[in-house]
Amino acid sequence: MNFIDRFMASWRKYRKPGYYEEFDYAWTMTIDLDRCTGCGACVTACQAENNIPIVGEKELGRGREMQWIRIERYWEGEYPNAKLSFIPMLCQHCDAAPCETVCPVSATYHNQDGLNTQIYNRCIGTRSCAVYCPYEVRYFNYYDHHWDAPLEQQLNPDVTVREKGVMEKCTFCVQRIRQAKDHAKDDGRRRVKDGEVQPACVQTCPSEAMTFGDRKDANSVVAKKMNDPRAYHVLEETNTLPSVVYLKKVSANAD
Amino acid sequence: MQTEVRQARFADVNDDVVRSLVVTGRNYYIALGIAGFVTLTCFFFPWFYQLYYGIGAAGMNSPTVWGTYLASFIFWIGLSHSGTLLSCVLHLTNSEWRKAMYRSAEAMTFFSLFVAITMVMVHIGRPWFIHWAAPYPNQMGLWPNFRSPLMFDVMAIMTYLTGSGIFIYMGAIPDFAAVRDRTTGWRHHLYVLLSLGWRGTDKEWHRLGWAYTFLAVLIIPLAVSVHSIVSWDFALSIVPGLHQTIFAPYFVVGAIYSGTAGIVTVMFVLRKYMNFEHYITKLHFDNLGKLLLLLSLLWTYINMLELFTGWFSGTSTEYEQLKYKLTGFYAPLYWEMILFCAVAPLLLISRKFRTSFVPMLILSIAINIGMYTERFLIVATTLSRQYLPGSWRVYVPSLVEISILVGSLALFVTLFLLFVKIFPSISIYEIKETMDAPKKQGDRHDT
Amino acid sequence: MSNVDRRQFLKLVGAGGVGAGAGFMLAESIKHPVEYLIPYPIPPEEFSPGIATWYNSVCGMCPAGCGISVRTREGRAKKIEGNPLHPVNQGRLCALGQAGLQSLYNPDRLTGPMLQSGERGSEEFIQTTWEESLATVAHRLAAARDGGKNIYLLSEGVRGHLAMLLERFMGGLGSEHLMHYDFAHPHALYAANQRLFGEHALPYYDIRNTRYLLSFGADYLSNWLSPVHHSLGFGHSRQGTDLDRGRFVQIEAKMSLSGAAADEWIPARPGSEGILALGLAHQILAGGSYTGSDFDDWNAALENYSADSVAERTGVAAKTIVRLASEFTKAEPGLAIGGGAVDNHSNAVDTLVAVNLLNYLVGNIGKPGGVVFNSDPVVGGPANNRQANFIAMQQLAEQARQGAIDVLIVNNTNPVFTLPHASGFREALASIPMIVSLSSFMDETTTMADVILPSHSYLESWGDDMPQPGLGFPVAAISQPVVSPLYNTRATGDIILDLAGKLGMKDSMPWDSMEACLKDGWRQIYERSSPDASDFDTFWRDVLVSGVWGEDIHRQDTVVVDKSVIDNIDVAEPEFSGDSEQYPFFLHPYMSTAMYDGRGANLPWMQELPDPMTSIVYGSWVEMNPATAKRLGLLDGDLVSIASEHGSLEAPVVIFPAIMPEVIAMPIGQGHNAFGRYARDRGVNPLQILAPITATSSGSLATHATRVSLTATGRRAPPVQTGGETRQLGRNIVQFTDAGSTPGGHSANLNSIPIVVKTT
Amino acid sequence: MHRRNRGTAMTRNVLGLFRDPDSALAAAGRLKGAGFERPELMSPIPIHGVEEVLGPKKSVIKRFTLVGGLLGAISGFTLAAWTAVLYVHPTGGRPIITLPPFLIITYEMTILFGILATVLGFLISARFPAIRERIYVPETAVDRFAVVVACSSDDLLQRAESILHEAGAEEVRRITEGDS
């Protein structure tokens, strides 16, 4: 009887969907498209922070760019009323991530921070996650990349360098999040303070279009921004429950 | 038909089959040599090159991370649906005409599965870790992710490989016994082992019959599930153009379609070069032709459905996908596929066509080219046109990919050539069953 | 906010990976920076491996002078971020600034002093020692000085104490020929300010607090003056306040990054922007909001700038002009700025005067959200009066051709690349007997040098900086070495001091190192600032920790425009080279964040940073209107040859929806034939085919005054693009709303530029 | 095949070779009728109607298949679910034990085990592989049909021989099956 109870208990536990509501954190990024100028500072910041390889002209020509965050550009209208809009596109760290379920070896899964993690040394390179991702933000190492000496001296020791045949993507600068949590622990705090940790892109954004924080904390900036009427998810219809929230651009002919 | 076969006597069957095994002409060695050489140069060499430098050797790019390798994988899996599945169905419906051809058909299944699995190895980025996708206890305490459609694949294909392997072997035990007594040297020993000491007693026949039937019953749903699962690799994604409920039947039909066409090709070759004219006859081509016609119609129907879904959905993603398929970068391939797989097979309406060998051969090859194109398009068109237009990019296979595709064909041929020298490539006892057994007062032909 | 005070410094010290150790490190590094900044085999105890150390310094990638915090681990620079304490960029940084790491660790850096072995431009050099090379140069300089021959020093635009050192050095050599050369220097803007406001300096344009920005061609978000600061202001004005959302209007012939960010992009005929500005001024006066005593004078001066005539001359609809004028007047405050193309037409000064006039007429001079004048730099000399315009450069070339120049010292500037062929500058260099280059890269100019004294990267050297334009209040920043020198190079200041020593200028330059010089100079700051730092060393250490010093002083001056200026206020028709039949197109060369004036081309990150507007990486291209392309039967990726009276180039076509049909645009920065593996032989340099037309009364090169012709080559060379389809196809990826503005709320004031404390 | 008949005498058998299945079957029937223990038929092709003559045979294979299938179903689901719990990898917002995919795994494992069990059942019930020597005449693999009957005594041997001859056997042999 007792056994049955225990069994049923754990059965119910493991049958429960949406476990991500019970994670310690729910790291969230908001991107205000009305502020974004498309300058690309975030792109370079990410490359510097995360040891993203220099792919080279030839490989870029073959469509193998490696930028965990990229600026997509979309034109509206024709001359003289053409308008250009930018949208930074990075891993959305979806709570219902299509890429996670498809990986046969669990190389990508949801961790306790609510991050969509990519475990490089577990990846066997089926590339299915990249296919399943509707945001096209997973990048594959088609070759072993190298840095012309002494460029490699710049490599960030907190981040690994990926080998060929491995999928990689934005991590929300998990190394910084870890560090922030350690500091919090050192200071005897249970949780990381809002604004205590920022991914490289958010940190550098010149027009302060991006904010980062924990949406579980109702007072956090991101939580507030998520209540902004302009807040929306890209590709809402795919129901991936992204952790990246965009704020609508205010259209020119508003007034 | 029967008239043709009646001339041959039981003994001749044994003679023919044993000859096909032990007597080996120069042409065979030349063929084997060429096939082996091509396999080595076009398959293994480029593959090792790719292993060394990375998947970059192939032409895949950022949105289109899947390419011809996966297309080949589906293609070979599809081809594998010829044999065993067909053979099982025909066995359960006791269709006489099956018996001359099912052995080689099943062999096709087995080897195309084998090639398909090697294609997976070629496809993935770090094949040296492929064992991580197998469920085995390990010091990491990590198990594969059984939620993944790719894991369904692993399980299904492994089962299918085992199943069809056992099926083909079990059906061949009596034949092993038959050739065992006629061969010498290493062959004799080999067949002694393979035949397990078969004597052909009524009890053994009885048990074999039962087991064989059970296997057949088990393998039919298995085969269907295998290709459904392969289709789910795609359909379970949310990629516009792949995320479709029709995919499972679509793939299964496509698989049987290309598989049947494959059988026709192989039949032709066996008949021509292994002197099985007596056993593989117009009858078989006629029936296979009818089957092909049916399948092509089915296939066309499902294709039309797919187009309709795209058009009817009205969503930008699906609609662009459709437009791209019909008029985009890959459109020529699409229309080539339609021509080969939907239009050309209509010729099969005429019995004359069905029963003439060379045209059937040509058609069957055309169909499989078309079917390969289909698989390629399924991967290429959809992946290069996904949700974010900003990341659209076309994909063109690299030389390495093409060479590996050719090489995989050669690999298949090599394996098959080896097979026909070890396995009785037609079933002796079932051929005999199709001939009418000697009657008590039947004419006594001298021994 | 008084001085950026110590408590904030200490907060910074306490912050993140820096820890007390860093404070100590900094204190120590002042004594012997080199000893403490080596990546050690055996780290000393106060240096714990795995703990990042942050150093605040000044970005050297462009003249904006942003403050940076460099993250170092085990003595190696890992990441450059903005210095949160620095009021210019407040912790933010542009792409180019972050790529500074790659100029430090660039594989093509010069590793030691070299002497030319082959003939000029052959790039054949032999390694030598500092002693030898310095001796050679010193001897040569001494000889020239004593022989009364001409010595020229051509430097990048330097500020602070380095500028002062150069002044004294040239003074000591008895030479007047100290020239600063920056390609992007807004000469015309200075001249315009001189004419209208009577001061030869840049004011502070307070984009942050403006509610309506009228930008005449100024790409203020990517390269104009201080892009990062402007971006901050842009973001804040857009969504940062409870006030009405700031509205941005961009007037230019080709949509720039700022144009894309703007709410309204208005194409105006090239060179006619000034006329448009005057047209607006006319409307403002008509609107009657201007109540100055000189109203009538203005009215008279602007009478023939009615909306219709202006519309006819500029190609901007009359009703648009009226609307803009009224919006601009109503906005509180509105701000008009001019730069970029506007700064580079033959009538640039007139135009910019007209633009400034708008600010004057709506009375936002010296107000938050308006034009605020800067006080003089606190240390070092004012650097801008040394800036050499195109005419000066041509004179230099002329002098050289006449053999009147004996020694030319080039400090880290690359005129051979940025000046048009027509200037004959490169050839002129050939006839200078002795050229010394202090560049740290083998750029085009350095290839012409006889002696190369490679200078440190800015991340290896001491220096200080007063950002130009200032922020309306004095700011000074220290740049300090964050890593030990990688190679056998020396800081520019130290090289100058060495030479000075060898030339016996000890009395005017008594310091034995740049650091000493700085410390000396900063004593003034210490003294003038209310010393809540107990003693100078504490102050100095705090300054090093924070990397920046500021003071809350504001000028309260009112501008009165002179009658004479008013009377002959006018904008001349722009002058172009080449007749409109043979050369039907206006060439619009533009700078980008990544390449700037070409200095970004040797940084892989910048080469791989997709151009925001076209997503192109590596290489050059020419942008044209779809209609134009259609008319010429050109497709994306077709290779065309662009010919001016002074040369021709080949580049692939990129069809660009937001450019005037008679204008074609080309990015500046590629087309190096030296400058390292990443830059060399890649793309083309549009500057080289420019006509040597100068802007009247500023003498700067009118880079937009060249007409060109297009001819298809029949070949294709599609540029490498990272982006695909550029339309949304109704997929609502970028979504729009009109519920953007939230009215009401407090008014911002200039002093409250937030000083964010970094928490990492 | 002479090798096959070496060894010390244990039981003696009579073997009759026929040219056609019907007469062989008839002969077998007569022997059975004459009270011999169940004769054994050897043929190149399965002979139909054996059950009618020599009585029905029962095969255990179907039980094997059934048990194997069930076993497979259980172990399949257990494998998926238990390993998922063993090392929890939350993915895609799905529950840890996700039924639809796990049922597919279950399905495949059911069939796999079913197949293996069937084979096992076949081997066991048909007494394969043959370790010990068995009576065999190679002609039966070609076009002859043999009836083998075990006889405990000489007169039984003769009777069997005579019956086979009457039934029209073209050849009758005595085979002494021995231990090998």
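Residue numbering begins at 1 within each chain, and the chains themselves are lettered A, B, C and D in the order written.
Keep in mind that, in the parts below, a contact is a pair of C-beta atoms (placed from the backbone, for glycine too) under 8 Å apart; a residue touches a chain by one contact, two chains touch by 3 or more.
If you're wondering where the values come from, they're calculated on a predicted model, not measured in any experiment.
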{"item": "Relative to chain D, chain with the most remote C-alpha centre", "value": "C"}
{"item": "Nearest-to-centre chain - CA centroid comparison", "value": "A"}
{"item": "Inter-chain pair with the most contacting C-beta pairs", "value": "A-C"}
{"item": "Distance from the mean Cα position of chain B to that of chain A, given in whole angstrom", "value": "42"}
{"item": "Separation of chain A from chain C, taking each centre as the mean of its C-alpha atoms, in whole Å", "value": "33"}
{"item": "Centre-to-centre distance between chain D and chain A (centres being mean Cα positions), rounded to whole Å", "value": "62"}
{"item": "Numbers and ranges of chain C residues touching at least 2 other chains", "value": "723, 726-728, 731, 733"}
{"item": "Residues of chain D whose C-beta touches two or more other chains", "value": "84, 89, 91-92, 94"}
{"item": "Overlap residues in chain B, where contacts from two or more other chains coincide", "value": "63, 142, 144-145, 147-149, 151, 387-391, 393"}
{"item": "Every chain pair meeting the contact rule", "value": "A-B, A-C, A-D, B-C, B-D"}
{"item": "Complex contacts: residues of chain A adjacent to chain B", "value": "59, 62-65, 72-74, 89, 98, 101-106, 122-128, 130-132, 134-136, 139-144, 164-167, 235, 238"}
{"item": "Sites on chain D touched by chain A in the complex", "value": "81, 84-85, 89-97"}
{"item": "Residues of chain B touching chain A in the complex", "value": "53-56, 59-66, 123-127, 129-130, 132-133, 142, 144-145, 147-151, 154, 233, 236-239, 383, 386-391, 393, 395"}
{"item": "Touching residues (chain side chain A, partner chain D) in the complex", "value": "10-11, 13-20, 94-101, 103, 106, 108-110, 241"}
{"item": "Chain C-touching residues of chain A, taken from the complex the two chains share", "value": "32-35, 37-41, 43-45, 47-49, 54-55, 57, 60-61, 65, 67, 70-80, 82-87, 148-151, 153-157, 176, 179-180, 193, 195-198, 200, 203-209, 229-230, 232, 234-235, 246-255"}
